[in-house]
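Letters A, B, C and D name the chains as they come in the text, with residue numbers starting at 1 for each one.
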Amino acid sequence: MNFASDNSWGAHPAVLAALAQVNDGAVMAYGADPVTARAEAMLREVLEAPRAVVRFVATGTAANALVCAQLAPSFGRIYCHEDAHIETSECGAPEFHAHGAKLVTVAGEGGKIAPDALARAVAAGARAGLNGGRNALVSITNATEWGRVYHPREVAALAQVAHDAGLPLHMDGARFANAVAFAGCSAAEMTWRAGVDALCFGGTKNGAVAAEAVIFFDPALAEDFDYRRKQAGQVWSKSRFLAAQMLALLTGGLWLDLAKQANAKAARLAEAVLEGGGTLLAPTESNAVFAAIPALTHERAQAAGILYHLWGDTPLTEGAPVPVRLVCSWDMPDRDVAVLEMLLRGGCA
Amino acid sequence: MNFASDNSWGAHPAVLAALAQVNDGAVMAYGADPVTARAEAMLREVLEAPRAVVRFVATGTAANALVCAQLAPSFGRIYCHEDAHIETSECGAPEFHAHGAKLVTVAGEGGKIAPDALARAVAAGARAGLNGGRNALVSITNATEWGRVYHPREVAALAQVAHDAGLPLHMDGARFANAVAFAGCSAAEMTWRAGVDALCFGGTKNGAVAAEAVIFFDPALAEDFDYRRKQAGQVWSKSRFLAAQMLALLTGGLWLDLAKQANAKAARLAEAVLEGGGTLLAPTESNAVFAAIPALTHERAQAAGILYHLWGDTPLTEGAPVPVRLVCSWDMPDRDVAVLEMLLRGGCA
Amino acid sequence: MNFASDNSWGAHPAVLAALAQVNDGAVMAYGADPVTARAEAMLREVLEAPRAVVRFVATGTAANALVCAQLAPSFGRIYCHEDAHIETSECGAPEFHAHGAKLVTVAGEGGKIAPDALARAVAAGARAGLNGGRNALVSITNATEWGRVYHPREVAALAQVAHDAGLPLHMDGARFANAVAFAGCSAAEMTWRAGVDALCFGGTKNGAVAAEAVIFFDPALAEDFDYRRKQAGQVWSKSRFLAAQMLALLTGGLWLDLAKQANAKAARLAEAVLEGGGTLLAPTESNAVFAAIPALTHERAQAAGILYHLWGDTPLTEGAPVPVRLVCSWDMPDRDVAVLEMLLRGGCA
Amino acid sequence: MNFASDNSWGAHPAVLAALAQVNDGAVMAYGADPVTARAEAMLREVLEAPRAVVRFVATGTAANALVCAQLAPSFGRIYCHEDAHIETSECGAPEFHAHGAKLVTVAGEGGKIAPDALARAVAAGARAGLNGGRNALVSITNATEWGRVYHPREVAALAQVAHDAGLPLHMDGARFANAVAFAGCSAAEMTWRAGVDALCFGGTKNGAVAAEAVIFFDPALAEDFDYRRKQAGQVWSKSRFLAAQMLALLTGGLWLDLAKQANAKAARLAEAVLEGGGTLLAPTESNAVFAAIPALTHERAQAAGILYHLWGDTPLTEGAPVPVRLVCSWDMPDRDVAVLEMLLRGGCA
């Protein structure tokens, strides 16, 4: 039973089927094929953004790093949350691709940046002048690394701060589907209508083999991006296989259905945590639960071979509640969820 | 009918089946799964290199560029053929990943570097001192961009020159299988036994969806490579799907079988070229034919909707033979090959 | 009257005289001249480090950034104080030269890092694994950006933490002379004897036109550094003019004399601050005073046209003490110091 | 007697005097001082380019590399002569600063690029599409690395080709003064009036200690350049000392006078070469002579301790004429020139 990451789970059968469906015959390589064109078009439709430039890559780190490189110069300052994936988990990919750009972190509860905190940070950066580098980009993650969701009005408030300072707004949407599913809004409302300029639309955690989309809502921001993606080694020669994954997820709203399933499982676990005497470290709004659970519960879960990550970087105290991250996947058997639920409620496996 | 590139064709059914086979259940992400371990081990076996470090990436450009970055500093000189893929077709990926390293090109027939030409170039680089940067790496492609194949003894001669100058030898093996199939040697004989230090073992052109392997035969050369690959955005979270493709190709020698099929098709086309009054621009040793074909033949092929690339960068002369590149794939229907054969022989489609 | 920066002041007459003295005749360019050799040797003597590799550059930012690039890979983590010059004032030069390396900041009073805080940060970095990048370098500034001085035993404690984690220790010595002058130790005691691996020895703030030295105490750490410096555009063709400045400063201990003069002026100002009802934000240990001075004093100083920077990034409160940074130079007329002293004591200019 | 390089010689007394003249008192650091403003203004006047952005750096490599980085992206193609300093002598600085941009070389006699050769190369680059990177910049050197001079009409022809392809034109003017002196035109005619977009105006080889200017004739091309220069570690804190050198050279036309003196010495040597049975490898148009001299003459010069570089990279043949480069400096005693003249004419020293 694996609650370590949504990356631990497999691909949706529809995604694998799509690979087989596009496999016949020969097409032009490197993206000049009809499947790629169709997938780009379909994502533009889902986003209600007919002018958007859409490109596919295989990893979320690549997607985020390429957006950073596209929108920030080597001497740029990129504002993000101190727990942002680009800051903590990408081995310096944004700085590498952007030739040395600096991530400037902002604190905030639940992985969310507050507009006034952002405004203060951006203003300090502007005051730093040549010494500090040039303000270049604001990046937020939705859903956040703490499983919280920015609602469109919150995104709009951050976009306002960014745009007032002349900065574009990037949304790392590795779990974009989970955020949209929770917020109950449209993909457009969550992004360009709220002021997002560039979106990384995650497929991998949500049922793809390896597929992420980079979207620039204003084509002017995408100038020369094809060269950049190529130079980064992120252009598949058999591009149709990247595109077909996205097509499968977008068809019939599968991407949202899978996210809802994962979210629902997390909601069940969150309830169980509270019933079992644990506390939530953050409201459960997407497919992960951040909780402090009784030491005994933790021990029983370990004994039952349930995998998950401890949360945070502080050593455990004997007998004290244990901070954990429990991530759910659409692919996870109900039975697994039920077992962990029971344990969290204080029962035995 | 598409003879434009082996990248134009699909994935082998065994590869797609392998994706489905590894799809069940949860494993640890980012390569810490048993499928990845198995594929790495199997490639070490195929290469008879038990100490080698093997890592997978999705594109050949990424594979080559990461090796360059691993083995050359920003001020390094990387020696390659003037028609090498890393020089002509990767949008500066090696220079980008290696932070500005310089590709120094060497001429040579059929995309092959001659040992004395290499020796002269390397010596000139050494004489250039600080001005010219530091000699860092020699890179050859096998099979070459002209479809020629280095035999193990030729590789050894180049390795000798490189090693005498203290430089490691990289082999871009985007079509490694085709080269080994033609040479009739083992993978070990073609690589580390001949002095190759790093190999990019291509899967994509040979039946994978998107899978290439980077191999360092001496683990010392791979130090910190995992950080580099991660920072480049080339680590798949669901690594098993990358590894499974390789497993499928390696199992039962499928990789060599497919290469032999593609080579055989090219051999048929080469014979047809000669019979039809064309000339070969290079001996046909792998899965591509480089030929000057009669203008009429070219016209008929165009009229028949057969896709291929003109070869070289000189404008066509009315009525003169047309230089073309005809690439064969294992996946290509025999019927397609037969049609083009007939045309090349001077017949009509 | 300028207390804004020691960079605001001129070059020492002995430095200018040295330029004229080395000006006659022709020598080999790019550092292969006897003046450069002499200056490198003299700095090795001053540091009692006969095996050290010494190279000169024109700016402190270049010196620091080149050391970072030399000792950290693109995926490296470089630990420094949150107020370190490399973090706040070099426009991302270390990240740029090191191709995207990440500065990881540590808090601490007076710009000083405490060994246990460093140990915690380094351990957290190690735990971050591939996600966080590889621990690569520890960098401290002496004297610090708050004018504090690490004593050799404090440097040794930090070196211990760094070396235990396998990391080299860099000292940004833009005001190294001021630190040594205050500590009353030798340059060797302050550096390699305490475990420093690389030193940037500042000349510019201490009387040079533009001259800094980069020193690697272990020649193995300097491998290929000459290429790196060249590629960064930091090698002067007329190297003798860079070296002559250093020779002038090192001859007869001028570098220490000038630093003592500057330190003494700061000490006078610090006393005046306290007498005038101000408070020191940090003990005055080198050539700068960090103080909160009465609002009236600040107004009078402004009215008298005395230039200095406000300290920190918080807006001023009407009537509240004003945080300021007052930097002294050996070149500053005693009269200027006397005027500011009087004002700080509460008098009128 | 040193004919190895103009870099081997010293600084003009007026330059050293200027350093002393600006040394008094305190000014704001990092270029916000009146000397810097004056020097920038004076260079704009000399160039008759009131809107130009002028910035100073200490080395020619830095100047060239920063222009490349400013005008070419990481995936850019920069066209230059195969003997261009940026290609052969800067240790990859342009590629490093431009994050991997590719130098594409063009052949041509005397270090000069012919318009049709440039047009062909640029067209080939355009055809290469994503594979080859994006055409970004054309760079020429004037005077060239072979001592030849582009006349304004020749510059204009190249500018036409560049601009027709949408590319800016950079002139590496490490020996710009020598070129203008030979051409007998104005600095404006040689640059922006002929279509040059960015100029590196050399001071160091022409009497400065270390001072080069970067000029962007269209301020739009200089956007954010101050950040770039800062991040590269090329901003002097005591900027007045960089600017004062330029002021001294520009005052009273000293820069042109010195260049004329150096050119005249070279003309004398060229005549002596011909009289002594040698041949010129290129017409002598600036301050360097490229000649094949009789073996005996070479032997005598060596015996007399005259320093110069052999030219080219081919081994000498016993008894055959020896290809040499003889560089003259304004600073070189007439006596030295006379000695070499005599030898070249076939006499003994």
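What to note about this one:
Basically, a residue touches a chain if its C-beta (ideal position, glycine included) is under 8 Å from a C-beta of that chain, and two chains touch if they have at least 3 such contacts.
Remember, it's a predicted structure, so these values are computed and weren't measured experimentally.
When the interfaces A-D and A-B are ranked by how many C-beta pairs touch across them, A-B comes first. When every chain is reduced to the mean of its CA atoms, the largest separation from subunit C belongs to B. Subunit D has its Cα centroid 41 Å from the Cα centroid of subunit B.
Centroid to centroid, with C-alpha atoms defining each point, subunit A and subunit D lie 50 Å apart.
Remark: subunit A and subunit B have CA centroids separated by 34 Å (rounded to whole angstrom). Residue numbers of subunit B whose C-beta contacts span two or more other chains: 30, 74-75, 90-92, 96-97, 99-100, 130-131, 133, 227, 230-231, 235. By the touch criterion stated above, subunit A contacts subunit D in their complex at residues 30, 73-75, 99-100, 130-131, 133-134, 224, 226-228, 230-231, 235.
Residue ranges of subunit C in contact with subunit D, taken from their complex: 1-2, 4-5, 7-11, 16, 19-20, 22-30, 57-63, 65-66, 90-93, 96-97, 204-205, 209-210, 227, 230-238, 241-242, 307, 329, 331-332.
Residues of subunit A that touch subunit C in their complex: 74-76, 88-92, 95-103, 124, 127-128, 130-133, 313.
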